[in-house]
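Two complexes come next, and they have one chain in common, chain A, joined by chain B in the first and chain C in the second.
Moving on to the complex of A and B:
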């Protein structure tokens, strides 16, 4: 979000921001979110309910624990020790070093590709959704209803249903086997557009825009200096979901890319797995497992640190619809 | 940029929107999205419709065949088998997952749970894990050779049926999908519960309503829109089933066919069979089917609300 927001504001727009802050803090939406859990703090805690939820928690975390334990084992002890506990030498750092250097460091290359797709794809998707959602929320223009109908209709089309035709089209345009084949489709997030639209309706007061126009600010300038700041929490949410979507994308790069040079981590990992299954292939389960662990760590960290944003994003989506 | 002259006076919030009838300013903002949207969504849809009406033959080359591909698809047992499989998956996995998510959401919202934020974060965490990694982890754990199932068999001297065998593989995939998305749906429901005004609970408690009465009369109605959304996303997800079976196939090649799900069928027709026209036809049929079922769920889900 900080990418496009200038740090310095004109005095006029600072005043505008203060009035906005005042109106927002009294809005019903704010105060509703601020209430404590379920409004019934005096209830006694239930041990039984907690116990049932512990089972749930174990189910959710067990595979991740298994993955961590697995990545500390050598290829040999992976095959002949109990999966859920440590055994033999603690080989985590060996495994990481091997993962990063195997086959001329191709894993590092895949990591770099993934970062490229995430920065341009998810960043671009958030930017386009911010512009579009804001435009839909704050302007009336010819064709607005058609835009809504087309975009909402597109949400129902399965992404994978379009994959084959998109591939054929891109191959005619000479785009397959290039990063653009992965980035371009990632740039569109109908969900993000919808989310920014609902968010902008509430959090960018039209009076503020009117005031900016009175001060002689152009629409684009107003967007970058004022509106983008008001939209910031919504933007972080859209960015987070786009990052997860792009980081975890498998199907699209699988069909678009035939050479490992441009693979993201997901496709690369599965290629290693298939190689291990092939008769005569180099058996590198320890690298598949360690590589998987390295793949999920950044995204899990991002999730834990930005959790209040994904929650508010889902709240906006579910309450409005 | 151009609107300055359009605003002689700052009016009420609604006046601007009413007055800007022929104002194209909004397109400055919506335009970039729509251009990319046209390239990556609208154009492929049109292209796939075009593909589905043609056939590439050895003799005669590319020729218009009308709806012949569709007629062929509707009598294709492989398509029906894959559709039947995802329908079964949908009918069993989605209700289980949504019920679990509902239970978890009610539990963490109930204020009766110790360490409620911990549960919320931990159960949602798998959503961040890529489908590839989730499938590889579970796939290895399912293994009877060096996976957990193998460990259990060795330890207890028993033979658990392999989760990767033909009879169990669909259930095993259901488990992976549930693991990935139960937390997402839980958060969706939890978010809907959080916006119930506190005075509603206070009023209910004054009237002497118990926990289950409050769940039935206040929480369930408030949850309905979120449940419709969760159901629609899950239906779309089920019909699109691809990542999990296609990755698991390298671990269980005999249990998972090339036409396990409609999407795998379309994919394999294109990339192993070069039958692009027929593959596009399958994709359109599945897309239409998914969209209409999602639409029906939305209609019935919102009608009951009234």
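Moving on to the complex of A and C:
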């Protein structure tokens, strides 16, 4: 009885396989039902809607195309050729090399800063959101409703509106003009917390937690070994939101930082752009454009790889809310 | 026990906050550890002595030539470390300065501030009065117009860094193509604008999508005095005075008939338009040649400089457009060194280093020097451009001043006068709206505003 031989396992696994087969065998039948509806879907295909979608697609892709075309041009040909097609020498690689080395390689420094802010800021925000959201979803304590109200209220306040008050506070603490001034506010993500909260309500069964408690696992162990894994898809969504938010963060670092050595890419690139407006300043639009292209590549890659989590996470939030 | 402890801590914190608050309200020097460097006043000897001691100052400036001057300064005074930081260009820097001033810490020792923004910082006591360091005697070294810009309400709040007497930069190739003589009056200028646009509708004599700096400079040239400030808080605004009306009467048809291009200045599109002949004149400050050379390479050799056209034939009148000054912050704990650096930068060896970097100076001796006047610019076809530009500096109409909240006011220009540009309607309506909103803001800020 206690000894389970490989053979004794076989019937069970066969059963599983049979179940899968059964599930699979239902699908042709389902698709038979589905066929008429697929036909009606075909009829419903609207030329107008498709056209609108195509317009939106072009609208979204055109700036990216312009960016790419622009980054293959030299500063001179950038200004005297048509913007949406290639012209003159293919200077992309030269531009990339210049972007990375201009002004003592400050672009690389900005890239490093952005990565630092993203890894610590977005990573920390996700972790804190997981702790808070899980706690609020799975534990009852006095004042929970008040916390709920505060979190919901915080979602409604744009970070930009808080930038200046935060600056004044950080200035008292002596934190302005340090990386902490960007990282600390990035750690707070009320929206992420709310998302994890609603996600945890569904995906972490209270029975599982009770079972773990019965078996003597402490709350912290339960959280890290069981709940965190169940929360994974929600976490990825929050992580993506935070990464995109931190990567694109402009106003906060603009307000907080005065030394270019701590700038993230967004603020640094704008400084390069403004150089064209200063007396005797180098006009380096080609580097601004190439720098922008380099800046968006990592975020595009991250989005493409993680987009299915993004979608499922969005759906989770919308259904529960 | 616990609650007592907490209360005690809270009281402690409150006291600490109150002390900090007191430090903010009172003079900073009283709370800062007393040191010679923190002195609020000093003679030339005090400054010279302070420069020999070990110290570090931070300078906020977006102008590239400042770094060269800072390097030379540190070579001469090896004990002083000068950190030049580009904290943003123009209003981006002012936002940071304003925040740091409000917070009570984080401001640099020295900052570059454009003339139009200087009164805002000067009248809010954010800047050190350089009269306390004996800089009043430097007056004769600077042009009257730039000195006038840094002398505010009896104080001296900065030293002029560069200047921007306006001139007309024109594309000679385009003018020759249509056989247009170089306009000397605004009547000739508007006629030339019509000729160019009629001959080739894609071409314009200039571009103006509504720019506060340009509008105020044009009112200045026309003899307007729309802003006056007395006792630091009594402000009079009259954007419908004779000068303002003279300008709008001339410029209204240019905007309404579409004779000026709506291309926004300082964008890549604008650089492109200046390069390919779409825009054939530029009415701007004397600091522009360096930007021509670095940014508008396509039409090198085609451009020339002429005096700004005037309303009466034979009359000479110009105005300042742009240009910066360098100030010492009240927050600085090292004002002697900071003042020493400002003097070195703008009235000492730093001036020539900045000229080499493309600046148009504000010091009389440099403007009058033979080397400067005789410089033949290759970009401008060998023309001795500085002869024209220096004459423009002398022709600047005296008596102009900006508002003590000009930075904010300029930021709402697009919402008011910008609408007139956008809809091609009467600029006077826009100016009136601009005046009303500016006055309302001034009142909110505690000024006594007389809006005419």
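Note that the second predicted complex is superposed on the first by the 269 of 321 C-alpha atoms of A that agree within 3 Å, B and C clash if a C-alpha of one lies under 4 Å from a C-alpha of the other, contacts with A are read in each partner's own complex, and residues count from 1 in each chain.
Assume a residue touches a chain if its C-beta (ideal position, glycine included) is under 8 Å from a C-beta of that chain, and two chains touch if they have at least 3 such contacts.
These numbers come from a predicted model, not from an experiment.
When the two structures are aligned on the shared chain, A:171 is found in touch with chain C, with no touch to chain B. Looking at the shared chain after the overlay, A:185 reaches chain B, while chain C stays out of its contact range.
Shared-chain residue A:274: touches chain B and chain C both. Judged by the touch definition given at the top, the superposed model places A:201 against neither chain B nor chain C. By the document's definition of touching, both partners, chain B and chain C, reach A:285. Applying the stated contact rule after C-alpha superposition, one finds that A:82 touches chain B and leaves chain C untouched. By the touch criterion defined above, A:259 reaches chain C but does not reach chain B. Between chain B and chain C, B touches the greater number of residues of chain A. In the superposed pair of complexes, A:232 makes contact with neither chain B nor chain C. Touching of chain A by both chain B and chain C, each in its own complex, is seen for residues 78-80, 164, 167-168, 255, 274, 277, 285. Contact residues of chain A toward chain B in the complex are 32-33, 35, 37-41, 43-47, 49-50, 52-53, 56-57, 59-61, 63-64, 66-67, 70, 78-80, 82-84, 128-129, 131-132, 134-136, 138-144, 147, 150-151, 154, 156-169, 184-185, 187-188, 193, 205-207, 209-211, 213-214, 216, 218-220, 223, 244, 247-248, 250-251, 255, 265-267, 269-270, 273-274, 277, 285, 288-289, 292, 295-296, 299-300, 302-304, 307, 310-312, 314-315, 317-319, 321. By the touch rule above, chain C contacts chain A in their complex via residues 20, 60, 62-65, 85-90, 92, 95-96, 99-100, 102-106, 108, 162, 266, 268, 271-272, 275-276, 287, 290-291, 294-295, 297-298, 357-360.
If you check the complex, the residues on chain B that touch chain A are 1-4, 7, 10-11, 13-14, 16-18, 20-30, 32-34, 36-37, 39-45, 47-48, 51, 100, 104, 107-116, 118-119, 121-134, 136-138, 140-141, 145-148, 151, 155, 179, 182-183, 187-195, 197-198, 201-202, 205, 225-226, 228-229, 236, 239-240, 242-243, 247, 250-251, 263, 266-267, 270-271, 276, 279-280, 283-284, 286-287, 290-291, 294-295.
If you check the complex, the residues on chain A that touch chain C are 76, 78-80, 164, 167-168, 171-172, 174, 176-177, 254-255, 258-260, 271, 274-283, 285.
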